[in-house]
Structure formats: C-alpha cells, structure tokens
Amino acid sequence: MDVAIFLQTIVNGLMMGGVYALIAVGLTLIFGVMNVVNFAHGEFVMLGMVLTYLLHAFLGMDPGVSILLVIPVMLGVGALVQKGLISRVIGQPDEAQILLTLGLSVLLINLALLFLGPDYRSVKTGYKFSVWAAGPVLFSVPRLLAFVVAMAFSGILWLFLTRTDLGKGLRAVAEKPEVATLMGINPKKMHALAFGIGISLAAGAGSILSPFFYTFPSVGGMFVLTAFVVVVLGGMGNIPGAILGALAIGVTESLTSQYVALDLAMLGVFIIFVLVLVFKPSGILGKGKVY
Amino acid sequence: MTNQGESANGVLLELRRVTKSFGGLTAVDNVSFSVRRGEILGLIGPNGAGKSTIVSLVMGVYQPNSGDILFQGKSLLKLKANQVVEKGICRTFQVEKPLLNMTVAGNVLIGALLRTADRKEAREQSRVIIERVGLGHVAHMLAKNLTVQDRKRLELARALATRPTMILLDEVMAGLTPTEIDQSLRLLRKLREEGVTILIIEHVMRAIMNISDRIVVLDYGKKIAEGGPGEIAHNPAVVEAYLGKKGVRNE
Amino acid sequence: MSTSPQEHSGWTRYAPWILLAVILVFPFILPSRYLLRTMVNIFFFAALGCAWNIIGGYAGQLSLGHAAFMAMGAYPTALLLLGYNVPPWLGFIPGVVVAVVMAFLLGHMVFGLRGPYLALSTLAFGEIVRILLLHFRDQTGGSLGVTIPFKGTDAWKLQFASEQPYYFICLALLGLCLYVTYKVHGSRMGYYLQAIKENQDAAENLGIDLANNKVRALMISAALTALLGAFYVSYFYYIDPDSVCGVDLSIKILLVAIIGGVGTVWGPIIGACILIPLTEISNYLFGSGRAGASLIIYAIILMLVILFSPRGLIALLPGGERSYRHE
C-alpha cells in the first residue's frame, strides 16, 4: 500500500471533515437546545452557497469575505424561520417537526430550482486550483482554507457557549429548560438564537464550500444525511462529539471512495449510520437519547 | 383466573435478592419478598426508596443486575413488558398514559383484545369493566378530556381488561378526595374477592394501612421491614425512615 | 362522540355507490386520453398512499424511504420482462418477496428507534438502495435505467395501446389497497397499531408486542408498494434509480396520505385527488419543464396541513371525524 496515497486520503478526509463539522455542529446545537431535528439543514448550506455565488457573480466578492456577510444575514433569517414556523411545532409529537422541516426542505430546494434553474454553477476564485505541498501530501488550497475557517468558527462557537452569558443561557435551556425559565431566561428567545446560529453556521459552511463544490439546488441533500450521521455518531446535542464525529466521517468517506469505489463513498457513511443506530444509538461519545 | 405453576404455599410473585443499579446509584439493593395468591401487599417507603423501580423490574422494563424474579414459579427475567402482561401481570402508571385520541371504551377495548380477538366479546368485557370501575358515564368521552380521577380509573380499567392474575398499582390514590379513596378501596377489595392479587404502592398511608394484608417497607433501595399493618406502624426503623425524610403524605 | 350508521341520511348512503358507478363508466363516456392518464395517476398515487398509510398512518412510523420498496417491485419485474419475457403479472412475485423480506429485516433493525431517528434510518435505507441500484449498472442499467420496448398491444405482457385497460387494472389495484387497509383498520392489529401510535409505553403494558406489530405492518405495506412498482413498469415503460427510488417519490407518497388523512381508509384517496390535479395545474401554469413548481406547492400544502390540520384534510370534511377510529 502506497503510504503517500494513504496519507493523502486521510488528509483529504480531514479537510472535508472540517466542513462537515461546521454543518453538524449547527444541527446538534439546534437539537440540543430545541429538541428539533432539522431536516432542512442541508438546504441552508445550499442557501449559503447560493448567496456566496450571487455575491461573487454580481459583486466579485471572494467567498472568504462574503462569509462575513452570509453568517449574520442567515442568523437573522434563521431566527425568523424559527419564530414563524418551527416554534409552532415545539412540544408536538415528533411527526409534526419531522414533516414540517421536511416540507421546508422541499420548499427551499424547489424555490432555488425555480429561480436559479438546475444548472450546476461554480465560484471561480483565483486560488481555486492552487495547491500547497507539505512533504508527500498535497493540500488543495481552497479545501485547506475551508478546513481552517470551519474549525475556527467551530472554535468560536465553543467559546461562545462556554464563556459568554448568552451561550450559557443556551446551554441552560438545552440541559434544564425548567430551571432556565425560573432563572429568567426566555426559552423562546434562546430557541430563536439557537436555530439562527445553527443554520447560519450551515450557510457559512456553504460559503467556504463554494470555491471547490458545485452549487445547485439539491446540493444540500448530500450534506444533510452526512450531518445527521455525524450528529448521531457524536451524540445528539454533543458539540465536541459532532466535531470529532465529523472528522471521523470525513476520513471514512475518503477512505471508502479511495479504496472501495468512488460512487460508494456515501454508502460507507450510511452503513456506519445504520450500525451506530442499531448498536450504539447514544453515539460513540454517548449522552444522546435515541429510544 | 389462571392457576398454573404456583409454588405449594401459594406464592405468586417472588423477588429473590434483586439488585438494580443505575450507574453509581443502587436503586434496589438485595430485596427479597413474595406476594401470595389472593393477598394485597403494600409497598411503601419514602420518595426514591426504589418502589417504582421494583415495578419496572417486574415488568421487564429493566433487567436486575443480580437476583431473580419469579412468577408462578417461572423466571420473568429477559421477558419484555408485553410478554409479562401476557403472562398475567399488569401495571398502572403513576403518571397516567391514556390513549388520548381514543375514547374510554376504546382504551379499555385494547386491553381486552389481549385475551380475545373477537371484538364483540372484547367490547362486552370492556363494558362490564367500565361500569365496575365507575366510568360508565364517560364511556364515550375521549380520554384526553377526562378528569385526573377518571384518568386513574381508566388506568385501572385498562389493566383489568387484560384479565390479569396480578395487578401492580403505582400510586393510584394520589390526588383523590377521602370519599374517592374509600370508593377505590371498596373496588380493590371486590377485586381481591374475585381472585386478583394486588401489589399496591402508595404514599397515602390511610389507604394502604386499610387495605393491605401485609406491607413491605423500602428505604434507600433496601427492605427495612415486612409485616402486617399494625406491626409496621409501630416499627421504629420505619418511623425513623419516614420522619428523617421529606416527601411523606399522611392522611 | 358516538358514531352511528343511522346518521347517514338518504343520499349520502348512496353517494359512494354512485361515485363508483361513475368511475366505472367514465372511460367509456369520456375517453379523453389525457383525462384517463390523470385518473390513472390519481388511482396509482392513492394506492401508494394507502400502502404507506398502513405503516406511516396507522402505526405512526414515518417511512421516508418507501420508494425503495417500489423499486424492489419494479426492477425484478422489468428485468424479467426484458430478459426472459416473463409477464408482469408473474414477474411481480419475486419483487414482492424481496420487498417483504427487506421490510422484515429493516423493521426489526430500526423500529426500536424514536421518531426522528426512525425517519432518518428509513431515509438512509432508501438512499442505500438507490445508490446500490446505480452502482450495479451491469445488472440494473445504472443511471440509464431499464427501458421496456412497446411493440403494440400485447395483453399477455400487459401492454396496451389504449388507456382503458390500464385504467381498470390500476383501479383494481387501488381497490386491493383499500380492501387491505379496511381489513387492517378493523382488525385487532389495526387497534394495536393505533395504540402503538398513541402511546407506545401504554401499548406495551397492554400486552402489545411492539416490534412484531410494526414489522407486520411494514411487511404488508412493502408488499403492496412493490406490487404497485410492478404496475409502474407496465404503465410507464421506463425505470431508473431516481424515478423509482428517489427521495422525491418517497415524499410524494407520504404526502398523499398525510394531506388526506393519516390512519383513515379514505384519506389517501382524498390526498391523491388534491395532489395530482394540482400537479397538472402547476405543470400547465408553469410548464412541465419547471418541475420544481409542483413540488413547491406540495411543500406548502404539507407545511400548512402540519401547522393547521395535522391529522389530514379529511378531518375538515363534514363527517370526516368519523373516519378516524376513536371507538
């Protein structure tokens, strides 16, 4: 076995895993705070990609810059969506939120289809094809940047949750909602905040993906299932778990596509998903509740 | 009621040195006691003593870490809850679990369907039970619209519909007025006359002292006393267990 | 809320029979090809909705990958027809067997899981099947799919130049699905599934075997869905992984039942009667090139139903409440 290829495969997997982490972290946050499984999460990645594409096509903005715009904008959008839509199904049986977010997903995909058409679009940046060599391993610059930015934002989220009052408020609502209310924290505001943060991170992931991933309406589907697998693997509501799980899944996917078959990459991921659900549903790092 | 496989001295349910821990917490610690056919056994103890855990262990919701639970001489270990019910033990839930979008009649019917697939027969059996339990006036009301007392009655009616040999009652008296408690006690006595064996968990002392043939007392997961109501009332260990703790309702 | 058959007044008693009569003579009075096609679509999706309803509506287990069962019925039928000239009315058998076995395995694996995780597993299941169908392209034709050639009417192979025979075959299949649903609704299993859906813990404590009941419901549902997959082959003449195994199809199937009325016998029919004409209207208004438009409408309807009438539109109809069983 060629060590260089193996290392390269691992590195590629980690790079992609970083992006998955950013997506998964948002998903697990939403679940942790609101107990909502957001089936539309992938579509917010897509929206991020679309926004970035439009900013690039019409204003020539580099994705690295537009992400600074995309995230705040989507934060607001997320809060609105939560207040208007998601909040109505909190406390109702699971089917309601599954179907509502599923409906939202279909709506967003097809609105994008309607306004942008089915064509694959790409964001052509100057560094799109740049490569940076470190020993036998080649780092694709846009992917490396994506990894760095993703990890940075994940880190920022972690700091936010552990060091700021607002972040602690979120965690309070996630872990002990009744106590949080008694302490004067408004759970509805926290829900809106959590959802907003969650999907804005997903959109941000979309931004950093756009230099090396095609933008098209149903691109979200590729990410949402992976994100779910990551979240289950790491434990629903568990943020470090999501980050580690994402890196693991990224590597798995990479190894599968390299050593088994390219088109079966997702299959490897799904099989892990089913195995985890059946044998260790609380996640590898535990603490999730699946039964 | 069915009669097979009892031990010679009429023991129906037996817990043998049952221990159950959750993580670092030992909820049930080496508890042994038995319930004889036709008796009403009271299970009391302060909050957190392990009473509900014992019910869950019997019903197969949890498996004990060690020890055995025998019903009619055969082990209940490894059985799932629905299998335990099929064998003849049924429980009521402390926090009621009615089938909200079905009527009282529908709820009880589902219980009756366990023993007969014939819906006419099941409906007839349900009707009888509903009258017995005192829910005749709301038989066609949706369960979600019932009062708390009626919900409790529904729990009992549903359990009875499965024609159990033994019922585990988990705090059925909570929140009832003294008159309602007396009604419930009369009903339980009638059930006992018909041959149903009862294990009753209660905080309402008046009720349990009144109805139990024997009482088992738990504290911190251990059995600290066993005997008739009179003995238990004067048992110093029992008194201390209750006085030293919060969460006792005395009526 | 008591139910009594005497509440049916004179004409509503006969309404269903009149409707049936109209449906039966319709193809002869108004043989518009387009209208008949639409009716076949309605029957087809109503039947699919009925099949889904058994596990998704009655048992409350949301299957988001149901298209996979349709593919399991479609592919063997198509391949046997193409390769060995086996007519669809025989060829469906292996497909149904495969679907039932897969339902058994899948059910035992995933029915212990809570709502969203169950839904996700079924989604993953559907996608796994689709990816495998794409991957084994030597056997399945991969993304190129399987095309059944049409060389003129051949009743043996269930190939007809006109719409009428398909109309009646599909109507019969719908009748079968309705009959099965009706049987389930009235059986002990039907009651048990409803109890499971309402409150699993309570159900278990009434002696109900959760796993077995759910798995049996899924097996019945899968069998019917696979059968409809076989019909798909003989009506549409072309299958590929995306058209018979895609998430869009799974969503359309569940939509029919959810919009109409979960856990009722007639709900899926109402759902199909709303959804299919809407699709036609949207195709007309926006052009069928803009396939996305009808899906937007589906999505909006789905969300509106969930927000305002979660048990389906049948609840809003006069007397519709009776369709749900309260006993």
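Going in written order, the chains are labelled A, B and C, and every chain counts its residues from 1.
Assume a residue touches a chain if its C-beta (ideal position, glycine included) is under 8 Å from a C-beta of that chain, and two chains touch if they have at least 3 such contacts.
Predicted, not measured: the structure shown is a model, and the values here were computed from it.
Grouping the chains by touch while chain C is set aside gives A | B.
In terms of Cα centroid distance from the overall Cα mean, chain C ranks first. Seen from the C-alpha centroid of chain A, the farthest chain centroid is that of B. The distance from the centre of chain A to the centre of chain C, with each centre set as the mean of the Cα atoms, comes to 33 Å.
Between the CA-based centres of chain B and chain C the separation comes to 44 Å, rounded to the whole angstrom. Chain centres here are Cα means. That of chain A falls 48 Å from that of chain B. For chain C, the set of residues that touch two or more other chains is empty. Listed for chain B are no residues, as none touches two or more other chains. Interface of chain A with chain C (complex): residues 37, 39, 85, 88-89, 92-100, 102-107, 109-111, 113-114, 217, 221, 225, 228-229, 232, 261, 263-264, 266-267, 270-271, 273-274, 277-278, 281, 289-291. Against chain B, the residues of chain C that register as touching in their complex are 1-2, 188, 191-192, 194-195, 198-199, 201-210, 324-327.
The part of chain C that touches chain A in the complex is made up of residues 60, 62, 64, 109-110, 112-117, 119-121, 123-125, 127-128, 131-132, 134-135, 247, 251, 258, 290-293, 295-296, 298-300, 302-303, 306-307, 310.
On the chain B side of its complex with chain C, the touching residues are 59, 80-83, 85-86, 90-91, 93, 97-103, 105-106, 109-111, 113-114, 117, 119, 140, 142, 158-159, 161-162.
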